[in-house]
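Note that chain A is present in both complexes that follow, paired respectively with chain B and with chain C.
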Partner chain A sequence: MIKAVEPHAIDVDAFPGTHGNGHQPATRPIHVRILRQDVSGGESYWERFEVPHEPNMNVISVLQKIAAQAKSRDGRKVAPVAWDCSCLEEVCGSCTMLINGRTRMACSALVDKLLEEDEEIELRPMSKFPVVRDLVVDRRRLFRSLERVEAWVPVDDSYDHGPGPRISPEDQEDAYPLSTCISCGCCLEACPQFNKIEVVRRDDETAEAFETRRKAAFDAAFVGPHAISQAMLFNSHPTGKMIADERLEAVTGPGGVQMCGNAQNCVAVCPKSIPLTRSIARAGRAATVWAIKKLFDR
Partner chain B sequence: MSESTPSFFTRHQFLIYRLFSLSGLIPVGAFVVVHLLTNASILGGAASFQARVDLIHSLGPLLVPIEWAFIFLPMLFHATVGFVIIANGMPNVGSYPYVGNVRYTLQRATGMIAFAFIIWHVIQLHWLGTPLGGGKFDPHHASSSASLALQSPLVAILYAIGVLSTVFHFANGLWTLGITWGLWTSPAAMRRANAVSVVVGLVLAAAGLGALGGMRAVDVEQARATEKRMDEVKRLLEGQDPAAAPATSHPISQKRGT
Partner chain C sequence: MAQPRVLVIGGGLAGLAASMRLAELGVGVDLVSLVPVKRSHSVCAQGGINSVNALTRQQGDSEWKHFDDTVYGGDFLQHQPPVKEMADWGPRIVDLMDRLGVPFNRTPEGFRDQRRFGGTLYKRTAFAGATTGQQLLYALDEQVRRREVEGKIKKWEFWDFLGPVLDDAGNCRGAICQDLVTMQFKAFQADAVVLATGGNGLIYGRSTMSMVCTGSAVSRAYRAGAWYGNGEFIQVHPTAIPGADKLRLMSESARGEGGRVWVPRKPQDPRDPRDIPEAERCYFLEERYPKYGNLVPRDIATREIFDICTREHLSVEKDRLCVYLDLTHIPKETLDRKLGGILEIYEKFQGVDPRSMPMKIFPAVHYSMGGLWVDYEKSGSGGMVEGSLRNQQTSIPGLYAIGECDYQYHGANRLGANSLLSCIFSGLFVAPTLQAACGSMKSEAPARLFESALRREEERHQAVLARTAGDENPYDLHQELGSLMTRVATVVRRNDELSAAYDDVCDMEARWQRCAVSDTGNWTNQNVVFTKALGDMFPLAKLILKGALMRDECRGAHFKPEFAMPGIAATDPAEKRLEAEQWCDRFEENTRKWLKSTIAACQPDGSPRISYQDVDTSLITPRPRLYGLVGGDVIEEVWKERQGGANGHAVAAAGQPVGAAS
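Here is the complex of A and B:
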């Protein structure tokens, strides 16, 4: 069994010079196999690459080297592998991919640790989202889920409403972990209840019609743990809870919290260690009360 | 463009899933608990088990509607929704072998095993299975008929698998039910609830396997004699001639006291 929460924290090895690294061991080149796809909806295929090993590499720096050489392991000239990344410090949530079969952020996946698991590094795009190209996926549905549960505080005018209500330190501590969500999609990738939806535009379809059809497909399916957790975050916020009922309507609607199968993979893979299953259980409790209210208070 | 309206199942998904969750505890789970504990009374001897069976069958003609309303129909509902849930899930325990994920997968596997087992079990022992060559349980000869039906080692092994699957499904389901309804929300509360579920599961597994072993160990001749004596007393209490033709294998066609 692997441990539930991977320690992603950067260890001292990541900082050259913090301890004696004058004697680097002779290292072999890194072998990487990548599941590639040239266009969305196209066939996927494996391609192998080899890059020289350097100390303290992460998966992003491997991908940078692959892009620079644009050459497969057997020497063919190939198009550089495409991938998403931005902050490189596990905050932006854009570099999620399947590394050695598991979902995680490429920026915090250190090569030397990966090589302890396996001689070769395997990279695949996330399997729950449509592939745009190579390791780049379309995570529109993740953000659509946040729209579905109205994951925001609805203050949207230019009037001065005065200072907001005070939030006790206890409530702040409770809410803070939920606010650290980076929308990386790891929880969705690992969730056995969250299935891929790939809506393809028809030839005779307008962009608007396609968008409507895609939204309808998204809205009937599971919102996912991230959105349930955000709904609980904003329902606990003194201003955010003004539309708590609307969020609960969404959370108990089609594809709501009832779709959770309690596998609890979400909390196990979350790179920010967000207590997602606590949020889901709280959503379940709120939904119970909400359903009783709806039944008897109308 | 044609907007397809969502299906009845999709529109009432929350309600249906909550009823599914509830039905796993009440009445289906509650029935399983009573059933296994009743069966375990065989460990107290043939008379002890017969007395409990008589108590259940003292409901007389009410037994059939009660069975359908509180056991068969809720079970069929739970199983139907369960299969929809299984069909919509994509187990990934190979990539993410966490304990919770293993339990998720086992919950689905044991649900399907329990479903197949219960159908077979009902056909084999319940009077409904008589036209199919089953219906071997005779409530007037509870211990002896049950014992005879369970003598084959293959049957015993399949029963052990079926009973343990059902018990796991119930105990694990108890834990997930508490999360679904929001009874335990914090990780610490989930751990405590899990400990309770494990104990419930172990007790029921012991009761189920004890009942199975107890049934198979029954001395059929001795049990028959006990059952005959008890039947005579019952007839006597009901104002009938105790020496009249003893009740035979088909309980429903032979409703006592009518």
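Here is the complex of A and C:
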């Protein structure tokens, strides 16, 4: 077990451009095992890596070191591990992966804390999305769900029509957390009702036909807690609610809120602590009212 | 081409705003982005967006004063008409974002709340918690998604822009892009191409910027002939959290909400900061800048923090330079409501709760004021002519640039909360220009242009892939470049160092030719994409260094001690007066010599040819930037006399605004 380093006992100056430091006592190198896959639909395999330990590392800096050394623990030259990342401050939503079995963002996964759990760090790609390569997955279904629930304010246009509606601080404070969803997909990975869909393009299929078929497959399946929460966000906005019925149609249709099994995993893994189960409960109630209304409107 | 079509490169605030407006205008949009657009770097912007508003207006504020603060804060290096137009659009843009559902913080009565930001005395900044960039980006992302469902926009996410396609007359007719999953190349024909690809912080290794901010798209346009303006002006943000992989931003809004910057008067005082009494703390910004306090413009705050650590040796820690940014006197509930997002970042990455313990922060590279040179057409009222083909057009006809990757709005130093405004503004404003550009080319671009450009890019790619035997590691070389640039081309610049660094960068560029790729495959090959992006950093690094080397003055973020103009040393009134006269003489001479845009053009060997262009200062006469300068009052007096009250606006705005927000 490696002792956790005091967060501030660190020498990482912004200036004059030093990197890490050379006068810390030598610590044991970090061992990492990564579930790799070379291409979409290919076989997966484990590969082990070893990188020097430095204070204050996160999983991103481990992957950066692996990319730079491009060799496995047993010294073989291997292609760098592919992974998604961008902001490194847990707001872009790119770097979701399974770290020691848990779905989370790699940038905010601090190495010293992980090493308290286990001597080796395990990295795997998300299991609910098709693997593109190594830790990179294809999350376009997540964004398709946002289209399904029409997660936008249906303004007339982007010209000047004065300010938006007055909103009370209470309503703003209710809406803001829902609006901080970074589309990372953690909730989807953890949800027992959200299962992997991998549609493979046929040899004789045009790009458009493939796209249509893939969308149809997505649309028949569970829309996911993130999208239900967005539907509730926009249904609570004074202008957004003008198409509330359309969103409820989507949320109560095939793959809608009724598929939720109330496992509550989503809210437990959300890195932004978004009250997803509250949104789902609201959607459930709205769906009931909606169903009754539809019954009487017939 | 049947339907008019515009190619937008980059899906941050600027690219999305342009795409949204183009779709409304009936112009087809291909939107190319390195990442899903919702993950663009705009998402990292925290503090807010500036505009005049009903409240500040009643305190004496106006669009003109916002314009004035922006050019004064930018040390007058911007052409003024585009800045005026932007400030005029401010209120409309914030209203629009409000309508699109951005959850701006609210007053008890339900109006948008505002806070104060640097370089102004008014509370002009609307905000959504401390994740305003995220919320603005999401609102535009949602509108673009809506138009995508309607078939008006086609997104190409995980695609890389490799370069523009130019016809024989030098007009841009499209671009070559590459799918970063399949690694396949595609030629896009377009009536106009607009770059909205953000800053280039990765040239400095670690910065507050995202990993996609390599500057590669801009570099590729530059090498194809687009000029680059004011490259040496790089904003170093005063407050960031040092980290091994990234220097994470700690928003200016922390100070806007009352955060105080200080160091213990006793060097490296070992006590818990909370136990250090007030009298033993040095609130150096408040002491030296009583008017603006902790909210002096960023270049000044950065230099002060840097100085107090490096020259006065008052860094909180000995081995790691940092100062305290203290929020602990503010009620926790207020902090959570107004700054929650950034406090969570500090807590998550540092393991310390900033609500109860002062944060440790230090400056970090943050924003590129410089960027692709773009044109504009001045209107009769001093703004820009809407729809003019010249607006936002680079020196390559048909190629446009908007957002952080243009050089147009922030001069020598950007004011906080003006970047979100300039990105959305330039995105919306360029749309009618792009619409007018559709069909402006007389003849259809011949297919051979695209075929040969495609072949050229494929060959370039193959050449990098074939380098498996070199002795250089691209990731290590990148670190080396970043360290060098951070050391010589940030807060303090010296000619001998800049000159030596230029040669070093040339050496590094030669070494880049020997970089070995460790992945030679054609599937999600991040290794080769990074290696190519690294190669693209050198031409930009060279123009930054060359521009900085040649500019022998201090202006905004560009500071050379050798050419600094210190305040008044004398105490005797007559001598003070004399010194102030001399100071103003020198200021006028310097203005004549250096109030010019730096224009870099890429030469065949990749080195920059630097020339200078006069700045349009037709609306506000440039005046000394006197924030906190010793003897500034005497200098201002002399200066006003010299102007003879000729420019009423400028003189009035230089003084204390009437009824300014406290």
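The criterion applied here is as follows: the second predicted complex is superposed on the first by the 266 of 298 C-alpha atoms of A that agree within 3 Å, B and C clash if a C-alpha of one lies under 4 Å from a C-alpha of the other, contacts with A are read in each partner's own complex, and residues count from 1 in each chain.
Here is the rule we use: contacts are C-beta pairs under 8 Å (C-beta built on N, C-alpha and C of every residue); 3 or more make two chains touch, one makes a residue touch a chain.
Only a predicted model underlies this, so the values are computations on that prediction, with no experimental measurement involved.
Once the two complexes are overlaid on the shared chain, A:282 sits against chain B while remaining clear of chain C. Of the two partner chains, chain B is the only one that A:209 touches; chain C does not reach it. When the two structures are aligned on the shared chain, A:261 is found in touch with chain B, with no touch to chain C.
Contact with chain B, but none with chain C, is seen for A:269 once the two complexes are overlaid on the shared chain. In the overlay built on the shared chain, the residue A:101 is in contact with chain B alone; chain C does not reach it. Once chain A of one complex is fitted onto chain A of the other, the partner contacts of A:190 are limited to chain B, with no touch recorded for chain C. After superposition on the shared chain, chain A has more residues touched by C, the comparison being chain B against chain C.
Of the two partner chains placed by superposition, only chain C is touched by A:70; chain B is not. Only residues 1-2, 4, 101-102, 190, 192-193, 195, 209, 212-213, 216, 220, 252-256, 258-265, 268-269, 275, 277-278, 280-288, 291 of chain A touch chain B when the two sit together in their complex. On the side of chain A, the complex with chain C involves touching residues 7-8, 10-20, 38-39, 54-58, 60-61, 64, 67-68, 70, 77-80, 82, 84-94, 107-108, 110, 132-134, 136, 139, 143, 146-147, 150-155, 157-158, 160-164, 166-169, 171-173, 175-176, 179-180, 182-183, 234, 237, 239-240.
Chain C meets chain A in the complex at residues 20-21, 24, 35-36, 38-41, 43-44, 92, 94-96, 98-101, 103-112, 128-129, 131, 134-135, 138-139, 142-143, 145-146, 148-149, 181, 205-206, 210-212, 240, 242-249, 306, 310, 317, 319-321, 337, 341, 345, 348-352, 360, 362-364, 428, 473, 475-476, 479, 482-487, 490-491, 518-519, 521, 523-524, 526-527, 530. Here chain B touches chain A in the complex through residues 1, 3, 6, 10-11, 13-15, 17-18, 85, 88-92, 95-101, 103-105, 107, 176, 179-187, 190, going by the rule given at the top.
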